[in-house]
Structure formats: C-alpha cells, structure tokens
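Each of the two complexes below includes chain A, the first together with chain B, the second together with chain C.
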Partner chain A sequence: MIQSIDYAAIASPLVLALMAGVVLLLDAFLPRTGRTRTTLGLVTLAGVLAALAVPAVQALSGARLRTFCVPAGLSRDPGPPPCSFVVDHLTLVFGAVALAAGVVVVLLSMAQLAESTIPPGEWYFLLLCTLAGAVTLPASRDLIMLVIALELVSLPVFALAALKRYDARGSEAALKMFLVSVVSTAVMLFGVSLLYGLTGSVHLSAIAARLAAAPVAPGASVPPAVPVGVLTVAVVLVLAGFAFKIAAVPFHFWAGDVYQGAPVPVAALLSVISKAAGFAGLILVLTTALAGQARLWGPVVAVLAALTMTAGNLLALRQRHAVRLLAWSSVAQSGYILAPLGVAGKQAVPASVAYLVIYAAMNIGAFAVVAAVSREGGRNELDDYRGLAFRAPVPALALAFFLVCLAGLPPGLSGMFAKIVVFREIVAGGAGWLAVVMAVNTVIALYYYIAWTARLFTPASAPAPSSASGPAASALTIAITLGLVASVAFSVAPQLVLSIAG
Partner chain B sequence: MIAMLAVPLLGAAVLVVFPGPARHPWYGAAVSGVTLVLALALAVRFDHTRAARPQFTVDVPWIPGLGLRFHLGIDGISLPLVVLTALLTFLCFVHLVRHRPEQGRIRALVIALLVLEVGMTGTFLALDLLLFFVFFEIVLVPMYFVIAVWGGAGRRAAAVKFILYTLLGSALLLLGLLLVWAHAGTLDMVRLAQAQGAGLSRAVQIIAFLAIGLGLAVKAPMWPLHTWLPAAHTEAPTVGSVLLAGVLLKMGTYGFARIAIPVLPEGAAALAPWLGAFAVAGIVYGSLACLAQRDLKRMIAYSSVGHMGFVLLGLATLTPVGMNAALFGNIAHGLITGLLFFVAGGIKERYGTTELPRLGTGMLARLPYLGSLLTFACVASLGLPGLAGFWGEMLALLGAFQPAAGLSRPLFLVFMAVGGVGTVLTAAYFLRMLSHLTHGRPPAGTIGGGSRGAALLDVSAYELAAWTPLVVLTVVLGLWPKALLSLTDPVVQAYLGTR
Partner chain C sequence: MGGHGSREPETGWSTVNEYFASYAVVAALLAAGVAVFAGALLASRLLRPDRPTPEKLTTYECGVDPVGEGWAQSQIRYYVYTYLYVVFAVDAVFLFPWATVFAAPGFGMTTLVEMFVFLAFIGLGILYAWRKRVLTWT
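After this line comes the complex of A and B, so read on.
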C-alpha cells in the first residue's frame, strides 16, 4: 500500500538534503579555485536560509502538520493513528534554533575554509547532512526515526572533525568521538529495543498509551503487565544514549579533546546544534513516551543535571585554552538545561527550551568571536585575548557581553533571566537541594568567565598583529553581529523567548 | 522617575558609541549632576504627609512570562537613599574632574560609574522582587572593573573576591525571593508587605528569611561574611571606595528593611536573635580589628564592619526605634564614611601611602585643612553627639534596650551592653589614630610625597567642592535628626504593623 506524504511538513529537511546533493555536484564540476569555495559557501548559506524560512512560514500558518502516519486500518489503538513525523510547536522551535545556529556555523565555515586545505564540497555536504538530521529529530515521533535522525546528526560530525587532514589533534578528536558515540548508540538501541519489547510499539504516543494502561505499581498484588525493573533499565539505557549527545555526565569526557581538536566551526556546531538535537530527542522521549513514568526518570535526570553542571564547571576552572574552556562550560550549561526536566513540573519543558534558546544565541556568539581571534594566529590560549579590547574593540565587547551572558549577570540579562526561569522551576518543584547546587555552580562558573572577560581589558605587552580583511573577515563580522543582535534582543525582551518556548 | 535611571544609562550609552565627550572633564559630572537635580526635584515634590505610601510609581509589565513588572516607586525609606546615591555619585565625578586615576582610560571609568549609578538607584526604587534582584546584580560587573582596573597593587585578587562573594550572596537571595514567590504568588513588594506574611507558613518564612538574609548579609556585610570588604575597600580607587562604602553596603541593609522583615515577619522574629548576635559580634570585631590596623584605608574598611553592625542590630530589634536607627545609621554612615574615604584618598595622593607609620605625625601643622577634615570625619564616625553618626548608634542601642515583644529582652540587653563596649572601642581606635597622625610635630625633611617634596598641596578647590556637602549634611543631620526620621518613621510603623 502506498503511503501519502505531506511534502509541506517535511519541506525543511528536504530542502537541506537536496542542497547537500547540489553542493556535492557543484563541487565535482566547478574548477577548484578560491572563488568556488566562496560560491559553495554562499549556496549552502542560501539552502540553510531557505530551510529556515520553512519553520517561519509553518509557525505563521499555525497548522499542525503530520505525515508518515500508520494507515487508519492498521492502527491497533483507538483514536487518531500515530504518526512518525509531526510538526508542532516544539518541532518548530528546535528546528528554528538549529537552523539559525546553522547560518552562523556556515558563516564561520566560510572564514575557516578560505585559508585552509579542507575540501569545501565535502565540508558543506556533511554540514548540511547534520543540519537535516537536527531538523528531522525534533519532528520524529517514533523510536526508529529518532535513532536514525540522531545518527544523522552524529555521523557527519566525525568526518567534519577529521577533515583537517594530517592534523593529529583533529584525527584524535574524530576517533574519540566516534568510539564514545558508537558505544552510546549501542546502549541506546538496547534501551529502545527493550521499550519496544515491553510495549509492542515504536510510536511515542502508542508507547505512552500502552504504559498508561498498565500502571507501574510496585506493591500491586496482581503482577503488572509491564515489569518495573525492565522498564527502569530501558529508561536508563535510553537516557544514556542522549546523555552522550548533550555531553552529560558520565558521557562528557569527549567534550574537551573533541572541541579543541576539531575546527572551531565544528566545535560551535557540536555545542549548539548537536546539543539542541540531543535535548529535543530527550524531551520527546521523556515527556511524550514516558510522561507517566516521571517518578522513575525524574530523580535520575536531577542527579545527572547536578553532576553535569558541577563536573563541567570544575573542569572549566583550570582551562587555559579558549575552546576547551567553552567546551567544559557548555557541559555545565547542559546541566542547567537538564535541571528543570529533573523536577518534571508542568512548566519544565518550556523552562528548558527557553534556557536552550538563549544559550544557543550566546554560545554561538562566543564561538564566532573565538573563530575570529583564532585567525590572528596563536594557539587560542586565554592569554591571546589579553588586550583584545584595544586591538579590536567590537569583537572584544561582543565577547565580553556573551561571557557575561553565560555567567548570568547584568548587563547580560538574557543569561540571567534564563537562569531565573530554571531556578523558578526548580524551587516551585520543591527540589531545594538542586537549586542550591545550581546556585553554587553559578558562582564557580563566574570565576572563569570573569577571568576571561577581565583579560580582554588588560593591556597586552606584545604588539598586536594587524587583523586581516576580505570576505572571510566580513563573514565573521556578520556571524558575530547575528549572535550579538540575538543576545541583546533576548536581554531587552526575554518575553520573546518565553512566549515561543511556552 | 524613569529619568533617574535613564539619564545615567543614556550617559553611559553615549560614551560607548562616541568616545569624544569622555575627554571633557565635566562630562560625568554633568550627567550625574542632572540625575542629582532630578533626585532633589523628587525630594521636593515628595508628599511628606503620605511618606508611608510609594509615590511617583511606574508600573508596566516587562516580562509577563516571569511575572516581572517594571514597578518603581519611592517612599520614606527609599527617598533618602536615592538622594544619597545621586549625591555621592555626583561628588565622585566632581572629585574625578581634577583627580584622574593614574591608570588612565577615563572613558571606561565614567561608563562604569554611570552604570553603577543605574544599578544603585534602581535597587532603591524597585518595588518588584525580581526587578530588585536585577538592579542588585547590575552593580556587580561595573564595580568589579572599577576595582580590578583602577585599584591598588592587590586589585586583581580583591576584585575576584568581591564578585565571587557577592554573587554567592545574590544566588542565595534569588533562591529566597523565588521561594517567597512560589508560595505567595506575587512579586509585588507593596502587596507582600501589606500581607505581613499571610499565606506563607512559618517554615517557609524561616527558610526564605535565612536565604534572603544570608544573601543580604554578604552585601551588608555582616560578620563573619565580611572578609571580602577590607580587601575590596583597600584596593579600590577613591571613588570606588566611596561608592562601595557609601551606597553598596546600604543595599544589603535596605533589603532587610524593605523585603526580609516586612514580607517575612515570622521568619524575622525567629531569626532576629541570631541576626542581633552576629551584629554585635561584628561591632566588637570591627573595632578590635581597627585597633590592630596599620593602614588607614583598611582601618576605615573595618570601621564600616562595626558601623554596619549597629545598623543590623537596629534591624534585629524589630522595633520602630531600631528600624529607624538602622535607616538613619545607613545615611549617616554613607555620608561620614564617604567623606573618610575621600580624605584617605587625598592623603594617599599626597603622601603616596596610607600606612600609618609611614605617614608620620603632625598633619595638622603641615596640611591644616586636610588634617581638620580628617579629624572632623573621624569624630563624626565615632559618634560624637551633635553629628550624624551619633543618632544611628544611640537609637540602635535604645532599640535593643526594649526589643519587640516575643524577643528575649535579657538577650538584647546583653547585646546592648556589648554594643556599648563597641562604641567605646570605636572611640579608642579613632582617637589613637588621630593623636598619632594629626598631632605632634611634622617630621623634618621630606617624608612621603615623592617628587613633590615637602611642599604638599593642601585641599584643592575640587576636593573642597566634593567634600563640603558631606560635612554640611553631617552637621545638619546631627543637629536636626527629625528631618530624616520623619520620613522613615511612617514607613517603619506601617511595616511593623504598629499603626
């Protein structure tokens, strides 16, 4: 039987996938010149912008699109048949965040590729594949689709990290990430298979219905239809799979080496796009399929959140390398995003999403400035930032603003309100201990953010290298400006984020 | 009303975009002068017969998703502090006109000070719990840079200590505020204060008071959470020390009077003895630490710990007398310690050091004006009757003599006795310092002063302009305390439900 496909629903990933093919073809037939690099970058940028227009239009029309549904006759459950691909509010928010960050990553890539031997066709192809996965993932409503989308986000990134040929650090990063990823995927697949075995369905809504029909009651005299022990194992295993994506404890070890070894745009991609995708999947599984089992996963997530933010911040404290510091700080930020989910209150998902959106803006901005500074040469140590405010006032002020946002202090009001939203959710949910842990963590984090910010304004002893200009520089300037505009807008009117997240 | 915040903010924004005006020495003074005029206009138009109610209110929703409203207003306890903030900031800029910091970059300093003014004024104006918190936080980053960039030798460590300590306090404060919000369901300070803790269970009130109180106590600072203060005060440049001591510390005690005590009366009653105990410990500790100091700025910093101890003791009594004493002491300490730090900065500029042994003796003979001003400020600070410092301490002790019903009277009598010993010790260290520094013969030859040699300049016109208002106000408030008490008393009575 032939399934009807709603092409309007899948327009966003479809555009990205088509553009990926176009880029590969163009690369094969265009001459290998500097201009081709720029052309490919612009084509990719156009593709991402076109894909970004899709969620904007879908949001304006307000329609809830669904496709790849189980045909009505084959559905075993009463009610509307489950679908594999649903475009709803959550999908649009996550899709838009991933694509908006994608625009910045493409701009950073244009600067990166202008001066290196990385093959541009492969680079942009892989980048578009990752974005296609990141857009598909929040729309997925069955386990198989989720796993495939998650792999589509991860696999191209290994290659991206290793594309800088003959670079030992890059190869090491790619290998490390590949190994951790494969292990976590295997673990997750095991959990997924258990969930399927327990409920007989892969569709998230069907799983929720099946589990709700067989309530988890440890003390019940009648043996429950779903064994609690097996369900717990399944939940923990699935959690573990996503924990890798968002670099949560205990799957956080790869972050430092991989971020540092990979080119800066890839690090930015990992810290925002790949992380957003991971959170989308986590939120979908926890709040759609396992909504009734919050008692089971809530405490686990809360403990993971506390461990993640503490580990990330403590590791970031001792870093001397800018990208490594951002790597560990983004691990810590993952912990803050996880925290409301651990309380599992009514407003938990909007709180997490609001934090994620604001985090995406400020973190991608920080990476954009780091990319700009790394072009000046040097090893991108924190000491290279000494006196940046006098050499390049605009990027320096932008970086200072992003760092203060990440620390959550005024004038970085967006980061502060993001933290307040999360704190409110935790306090309202009654998890006082988690709130205290997070409070202490914000203080620890402030130490390294403020130390870095202070370096920007300390006079440098060495004369500054003159910054280059050209298309690469202007791409970076646009990237920094985009991050800055978003962060300032969220600072002045945080309601923007809160209303779309809610 | 909004102009109070908008003027300094715009002033700072203009400087960020155009570097030009910063070279003009009067730019900062002009901007803060306009703010001061606005503050004085508010004070003149303020309806003294209805001092208990917030006036000139502004109330617009800002972030509906958080329930955060841009709710500002001014009443009897915020008006004096707002005027004090505007005044001290303006005087700092007047001082800067002539006395540029050595590290240069006047533009960044002006920006930082203007942003600082926005945060300080906003804290005293805010009538929304979260808005209060936002303004409370705004001061952190500019103050960090003021200390870290324009400070003394150990500035980096002092600045980091300052910001980490106070952020830890702020985080606790935020948790407490959110707890109040989660249980009371509103962020409106006026409604919360009118409710007198209704709807909040005793346990919640105690936990919330503990969190909010600890957060504010770091800022105040209360012994033993004061350890950031001596370092920060000593290393900060003169204007930084003045604002830090004159205004920033007040934000902590103001928070007690505005939020912690009226909103959480049961929590306050339960924890007031502890607050009082730490307060008197601070008084005695501060005085003893002063006796042991060899550095003038450090000594003034520790004297602040002692004075804020009196303010906290006044708050801990939970009586109208004690609360009024605390609010009076706040203003008096702002004026006097502001003056002390100005004078200490002047001394440092001339002698190149503030270490007492190296300053030598005979300042009255060498620099008669500077020496007299130092003497005046010290005498005011030790609480001589007839000057502003006296009333805050005396009324706080009086409040402790008769604490609120439900508090243990013998305990507070002990506090009063210990606080009384503290006043004696305060007198002791100030007089000892004065006798050493100002009296006696000036040493022969050139000591200190560096290249300028023995011909040290006495007080300059700009310094005089910056300091005279503080001297005048100290005398006026000392002779006519009712001017201030009549403002604060209605609010205090309303908060404590005694009227």
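After this line comes the complex of A and C, so read on.
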C-alpha cells in the first residue's frame, strides 16, 4: 500500500527544498545586516551547486532511476507498474539546464539585493522553491505531479516579481502574471481532468497505453471507446496551459510588461528556467502520454510555433527598452523551440532540447549583462548601451557575442547550429511552409539584434558614469563569464549539446 | 434500427451525456434549495403587516444604531491571521482521512512519519511567522 521512495532519485529537488527551509530559518534568526544578505546568497548558491552535482553524478552512473511507483498489487495493467518520478535522459538535461541557469540567477540576485530594499530571506527562499519545481517537473510522469510541479515553478515567481515594494511596475507585473497564470492553470486542469476521465489513469505511460488500445480514427468500422471530439478538447486545453508558461501566442501578451516590471534576475528566471520547465512539461505530455495522437496535436503546435515566432519578432522590432526587447525576442525563440515538435518527427524532441540548451546559455548571458548595465542607473533603454564598448569593454563584447548568437550569425556559431538543427528537422518532417516562416523570421530578428549590437560600438555623447565595484560587481562578472563560457563552448563544440540532447 | 437484437454501438457523446445526467440530482437539489429559501421570504412578505418607519429601515447591526459607512477599513493584521487559519484548516483536511487509516494493516510507521514531515513544513511556516513578529498584535 505504501510507495517506496528512492532518495537517490529525488536527491536534487530534496536538496533544494531543504535548503529553502534552511534559508528561511537563517533569515528568521540572523540579525538584519549586510553580512546576513551575503551569507544567505552564498548558502543559496551552495544549495544550487549541490543540487546541480546530483544530475551530474546520476548522468555518470547512467542508471535510470524510478520512484513513487504504484505498488505491484494495485497496478491494474500488465507489465511494470507506472511510476510518478523517473530520472532519465530528458530529466537530467532539463534539470541541469534549470540549475545551471539557477546559479547565474542567484549571482544576479546577489548583485540586485546588495543595494535595494528587497528582503533577502524571502527572495532566496522563493527562488529555491521555483528551482525545486523546475527540477521536479521534467521528472514527473503523472498528470497530478506535472500540475503541482508547474504550480511550484509559477507561484513563487509572482511573489518574486512583487518583492520590490512600493514599485508600481513590479506590482503590476506580479498581478498581471498572477491573473493570466491562474486562468491558464484552470484551463489546463480542465484538460487534465478530461484526459483522466477518458483514460482512467493519471500516469502518462498508462494514458498512452489506454489511448493506443482505442485507436482514434474517424470513420473506423469499430466505434472508438475514446471519443475523438472530447480527446481533441482535452489536448487543446492542456496545450493552452503550457503555452502560457512558454509565452506562446496567444498567451504571450503578459511577457513584455512582466519582464520589464520585475527585477532583472526574475526576468532572467522567467525567460530561461520557467520556460525550460514549461517545455519539459509540454514535451512530456505530447510525446509520452499523447505520442499516438501526433496527427491531432502536430498541426496545432506547428501553427502555434509559426504565430509565436512571428508575433515575438514583430513586437521586438519596435522596442526601445532592453528588457522588453529581450522579452519579445524570447517569445520568438519559444516559437523556434516549438517548431520541431510541430512536425512530430522521430528527432523532434532532441532538436527542441538542443535549441533550448543553447538558447538558455546565450539568453541568460544577455540578461547578466543587462543586469550589470542597469546598475549604472538610467532606464535601461537601448540608447543607454551607446558606447558601452569603450566604457566597459568586457561586458560589451560579451553582450555583442550573446546577441550575435541569438541572431544566429557567425561568430555566434552556437545559435547558428541550433537553428540548423531545427531547420533540418522541420524540412525532414515535410513542413516546408514552417521552414519558410522561420527563415523570414530569422531575417527580421537580425534587424533588432544587429541594431543593438551596433549601438554598443558607437561613441557616446554623454559622459560615462563611473563604473561600480565591490562584491556585487564581482558576482555580475562571474555570471557574465559563466554565460560566455557556455556560449563559446557550444560554439566551438556544438556536438556537446547535440550528443546530450539526442 | 432498434428492431434487431444487436446492441446499439456506443458513441462517445452518449457516454458524455450519461455523465452529465448524473449531475441532475445536484441541479434538483439546487432548485429545491432556491425554492425553499424564496418561498420562506415570500410567505413572510405575504403574512406580515408592513408599516415602515425611518428607524425600522436602518441597517440592522446587533440591535444598536449603525456607526459609519458600509465601507469600513479593518485592521490589516486580520488578513495575516486569516492566512494562518487557512493553513491550519487545509492541514486538518489532510489529517482527518490520515487518522482513519494510519493504523490499518499495510500502512504503519512510514505513514506516521510522512504526516509528521508534512507537519514539520507547516511548523516551519509558523516558526517563520513568529520570528517575523506576525503573531504579536502590537
């Protein structure tokens, strides 16, 4: 009757959850001083690094761990009983991406908290909770666990966005995100309940088996046990819930205001960690539970991908604010990641995952530089970046490299390889129209990435503000360096990503 | 169609209709509830004498004359107390079913420990609230 727990399998989220408790207690019992702030940041950093070591060890040992399985006596299906928590290749890749990005976000937070009135204990506690959700989600193999993990990723982010008190933009961002998120969760829960009602199981593998036993072919001689109409509604509702998390059209409009209103580390978290978690859930539901229904969801995802990349790029064209531009560009990038799933070929998941890993490295790097520049004061508009190459050569060159990577031009080879992998998959899947849409979008995106890069190297007319130093600045330098090292490594040796993603 | 002996092919929509038909009881209960409530008010209105005075038309507030407007500010601290109450209420939702089964065969020590792990997490929240001086009134 009792599910056995394999603590080695759940070590990564367990470490994060325990560290979250430790941070909360430390904050409650230590005096409120500047040193406490630094201590809490370092404890959080240690926790994330410890959690990151777990997938590394699990990958080296190569074991496929399963836990929270249905006890053998209670399983209704023949074969091995379904499990709720599985550590496999996908879990490890997504967990490592979320935690590596988490290290950068913690470093950005240390710089952010060093000079603002944001309460540090609550900030780091919420950050660790989000990371625990982001690590649990790719390991979840039942619908209830997926929904709970997804909520664990989202709920702390509302509070994080609003923690900068007496800041109207931050509060607006938090409220906007909260409302959209709650509605999308409700929509997804309805879809999930329909899936459960149709198949009688919450485990993804059991759902797939039940749906495979009842072929959904309209006009078949034997009437299907699973009504196609209801199944279609369920699939569309579940898709809508995840579309919000990855900011896909038509659930993209919150992105601009929320990214701009929230503190920069939260925007970085939303654009990489929250997005990776959303994609993990989407990939799990589509390719595990609904693998046999690719004809049903494939075209929907393809159209969503085309709309998302186009809307993101067109909105990014007009932006004058750095974070807003990155917000819409990350919406467009979501479209590129979705595209291989739309053709639902054999290599679709590796192509999406490869793009996501490379995107994570270059986007978190770009956010690290934006966080550094926002410390100089100013409103973080694109014009504030004029002449950055002369004031701060290293961050400016790093940002130029990240932007060129995002655009997919040499020398930013990692971005180019990512796009090639996706193109190859789309063309092999026979979706020529999607490849054309993506090619046009890549050209549109060149304009705003290159325009920003060019600003870095044009001489500024205004006198340069004095650059800050101290522990905050060094945390930012480390964050930028981490992003740069990853992006350069992926550019020099793209086979690194392509092999782990496959 | 229905004349021959073979079973009607079961379509998906009929399953769905049967499913929603089971909610008819809920709808009937709702209708009965509304009818009883509205009936009582209507009967009282028909039977009672109706001689309003300004005093009678004021809002009823525990038999005393009402003070101030309907939109009154209340202490923000009540908000936090409400939250703490919700935590314990949800906590009880899990505790009651657990209490009925944890001694049954097949459960035992693991089930007992699991609930205390859950309670420890809630205790952490209370400890935090206490240290942040949420529990003191002034």
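Criterion: the second predicted complex is superposed on the first by the 502 of 502 C-alpha atoms of A that agree within 3 Å, B and C clash if a C-alpha of one lies under 4 Å from a C-alpha of the other, contacts with A are read in each partner's own complex, and residues count from 1 in each chain.
In the analysis below, contacts are C-beta pairs under 8 Å (C-beta built on N, C-alpha and C of every residue); 3 or more make two chains touch, one makes a residue touch a chain.
Everything quoted here is computed from the prediction, not taken from an experiment.
Undergrad: By the touch definition at the top of the document, which applies to A:416: first (chain B), second (chain C), both, or neither?
TA: In the superposition, A:416 contacts chain B only.
Undergrad: In the superposed arrangement, does A:117 touch chain B (first), chain C (second), both or neither?
TA: neither
Undergrad: Once the structures are superposed on A, label A:454 by its partner contacts, choosing first (chain B), second (chain C), both or neither.
TA: first
Undergrad: Name the contact category of A:435: first (chain B only), second (chain C only), both, or neither.
TA: Only chain B; A:435 stays clear of chain C.
Undergrad: If you tally the residues of chain A touched by each partner, is the higher count for chain B or for chain C?
TA: Touched residues of chain A are more numerous for B.
Undergrad: Mind working out whether A:61 is in touch with chain B, chain C, both or neither, as first, second, both or neither?
TA: neither
Undergrad: Spell out the residues on chain A that touch chain C in their complex, using ranges where they run on.
TA: Against chain C, chain A makes touches at 1-2, 21, 24-25, 28-29, 197, 223-224, 226-230.
Undergrad: If we count contacts the way the header does, which residues on chain A are in touch with chain B in the complex?
TA: By the definition above, chain A touches chain B via 354, 397, 404, 409-411, 413, 416-417, 420-421, 423-424, 427-428, 435-436, 439-440, 442-443, 446-447, 450-451, 454, 457, 493-495, 498-499, 502.
Undergrad: Which of the residues in chain C come into contact with chain A in the complex?
TA: Contact set of chain C toward chain A: 9-13, 15-16, 19, 106-108, 110-111, 121, 124, 127-128, 131-132.
Undergrad: Of all residues in chain B, which touch chain A in the complex?
TA: 16, 62-66, 108, 115, 119, 130, 133-134, 137-138, 140-141, 144-145, 148-149, 156, 159-160, 163-164, 167-168, 171-172, 174-175, 178-179, 181-182
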